[in-house]
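The two complexes that follow have subunit A in common; it is paired with subunit B in the first and with subunit C in the second.
Moving on, here comes the complex of A and B:
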């Protein structure tokens, strides 16, 4: 597998004195103004996105703000994972990692639901 | 060859009188109105059946579970400051993360499945619920995050926010009926 280029999520992007990545607008802002994922979606590199130490939450609101436009472009999570891999900074506590992994799994479930909803008409229509 | 009186040569009597035409038109309109009413009534019956099913099978049996979901979250929020305030930095980070875990744990216990059921017949409503739960998770997470900081959020503030979230969830469940009855 080719080496991945690192995108480090700065602690400052969590908000003042915060240990959490929360909020869809905040995720969108980081996407658009800090890490420029729209451009990266189109280039030939693959990336690892590093969550910094001392983070206690990576909520689905932030995850979807940051990544959903890319997931939409790549159509499936498998394709998205080939491009972007979310990892943790070295030295992070295992219990915290476990919790953050749950956050990410929950976010990915919601991303899948949102992708499916785009193709669905619904029972009432 | 005698073909007898040529019926084409004489002025024909009208086959239908004006009265007949009016009478037949009246019957036609009555039949049309009857058919339209039947179609309308059948559609209304279907809509009513779906509405009843949604209320009786999806919403009402789960009202207690919705209430439990919020009660469990408030319980965690109320107890967290006392349990976390004495901890120093590293254990505090781990303990906060553990507390924050209870949101997804509680959500998965009930809401995730409940919303999957809703998604099967109204993806837009399910999407609204997902969005509300994401905002609620942010409220929950941010409250715990401020414990032990210079400016912790007061419990009364987060309680009010959680109550609003609960009200909003009920509103989403009923808004289809309230605002757009023909949708059902």
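Moving on, here comes the complex of A and C:
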């Protein structure tokens, strides 16, 4: 844990007067232009990604825009978690943390659904 | 000599062209007497929304002074007459500089979505008029007024959205309402910091919070998070489908009282984007998105085998229903994980409005109108989970069997004759203090 490098998600990346990280294009933009995760995926460091205080929601569209290409590269969530750990800024309200964790879990569920190589029957079942 | 003949021919040709142009202009001017300067000057300056509507066959109706609103003004329940009314209004906005009246006197039922489309058109025109007047000596000042309905509930929403300035006194009670106001954004913003979606989510959340306060309920961090998430997802979808790179949101809530005097909140929310329909979006990317499109086609074949003379559906309406299912997206080929937003929204709003399961007069309604397809969802046919653990997917089958491979109920999936040029998502839910506590505990 101690040797993880910190990536701080800037409050400004929530957009104008917003408390929510939302939008797939916005997540992709942060990935590609702000935190350069494609490069980080390949380096030898492990990272902790910090969600700032006053965040009220962490939308799955933003999460997947930001992290899905990495999850796809690392193939399993365990491998992905070894590389990137999402944490909260100190002092965040416990209840809010709990909800944000639920957002993240839901996003991960969706990511795993999409990594499955299903046929038509499997997809609709 | 030959040169002279050539020059004369050229001159005659030019004269003929000028004459044809003159005649065309005259004909145009005859159509809208007294407005030639306005039309000539304004044409190249039309807003993108006006150009979009013109391209979609709006603006060809004759210009009227008094435009009669249909008995039921609802895009989700009575699309055809409602669209005709909207088209007439648009014609009056762009083809004439005369004042006109929106006549709601025969209107008995109205919903937010339809009224919001009018609101968007009028606001867009007013901005256009303002810009025009600041640029030209010729001034346009079109007066748009409204004649109220005889039905109190219709007047209440007309008043809330500013279409009428007072409610004719028929009831001893005053209208108690909150209006979100028309919100819009543009995805043309290049930097993540300039994005306004999150801000709009916050505005909507605050609006719901204020609406609930009337029944002594305050959103806690759980429900604030849920609402932010939902609105974020649905606005992302609306933006993705817009040809004009934006979407519009409006909401209005009314405070009512049940027989025991307890407060009931009626919350209405509508989100609209103009552009291609959900079905058109899927068709437009079927080559790139062949895997998912193939899944949709397989399901369509399963459904088609069940068609009878009495029960069948258009491909457009079934594909629209399929598109709402988790994991389906027309962008699946771009970055793999997409297609969950609308289902999350439906799940949450049906859950928030679950008062309708206990009291039929307070049934929640969620409609998705896209092109010719109209998906209706309520407390009876709500989304349900399939699979287990991390593999859960949420499905909306619109049938009592809760089986996506069985045909939906015809009352819940409808194909209209006319096509709405975009997608409208409209929600009406009822909430009470007692009930909302239960919802919060449950979720």
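Everything that follows uses one rule, which is that the second predicted complex is superposed on the first by the 114 of 125 C-alpha atoms of A that agree within 3 Å, B and C clash if a C-alpha of one lies under 4 Å from a C-alpha of the other, contacts with A are read in each partner's own complex, and residues count from 1 in each chain.
We take it that a contact is a pair of C-beta atoms (placed from the backbone, for glycine too) under 8 Å apart; a residue touches a chain by one contact, two chains touch by 3 or more.
Because the structure is a prediction, the values reported are computed rather than measured.
**Q** Put the two structures on top of each other at subunit A: do subunit B and subunit C fit, or clash?
**A** Superposition result for subunit B and subunit C: clash.
**Q** Between subunit B (first) and subunit C (second), which does A:68 come into contact with in this model arrangement: first, second, both, or neither?
**A** The answer is second: A:68 touches subunit C but not subunit B.
**Q** Kindly classify A:12 by the partners it touches after superposition: subunit B alone (first), subunit C alone (second), both, or neither?
**A** second
**Q** State whether subunit B or subunit C is in contact with more residues of subunit A in the superposed arrangement.
**A** Residues of subunit A touched, subunit B against subunit C: more for C.
**Q** Between subunit B and subunit C, whom does A:60 touch in the aligned arrangement: first, second, both, or neither?
**A** both
**Q** For A:112, decide between first (touching subunit B), second (touching subunit C), both and neither.
**A** After superposing on A, A:112 lies in contact with subunit C but is clear of subunit B.
**Q** Contacts for A:30 in the overlay, against subunit B (first) and subunit C (second): which applies, first, second, both or neither?
**A** In the superposition, A:30 touches subunit C alone.
**Q** Do subunit B and subunit C land on any of the same subunit A residues, and which?
**A** On subunit A, the residues that contact subunit B in one structure and subunit C in the other are 17-20, 22-24, 56-57, 59-61, 64, 93, 95-96, 99-100, 102-103, 109-110, 113-114, 116, 120, 123-124.
**Q** Given the complex with subunit B, which residues does subunit A contribute to the contact?
**A** Per the touch definition, subunit A meets subunit B at residues 17-20, 22-24, 54, 56-57, 59-61, 64, 93, 95-96, 99-100, 102-103, 106, 109-110, 113-114, 116-117, 120, 122-124.
**Q** Provide the residue numbers of subunit A that touch subunit C in the complex, in ascending order.
**A** For subunit A paired with subunit C, touching residues are 12-26, 28-30, 33-34, 56-57, 59-62, 64-65, 68-69, 72, 93, 95-96, 99-100, 102-103, 108-116, 120, 123-125.
**Q** Subunit A touches which residues of subunit B in the complex?
**A** 50, 90, 93-94, 96-98, 100-101, 104, 107, 112, 119-124, 126-127, 130, 134-135, 137-138, 141-142, 144-145, 149-150, 176, 183-184
**Q** Can you list the residues on subunit C that touch subunit A in the complex?
**A** Contact set of subunit C toward subunit A: 187, 191-199, 201-202, 220-222, 224-226, 228-229, 232-233, 235-236, 239, 294-295, 298-299, 326-327, 335-338, 340-341, 344, 386-387, 390-393, 404-405.
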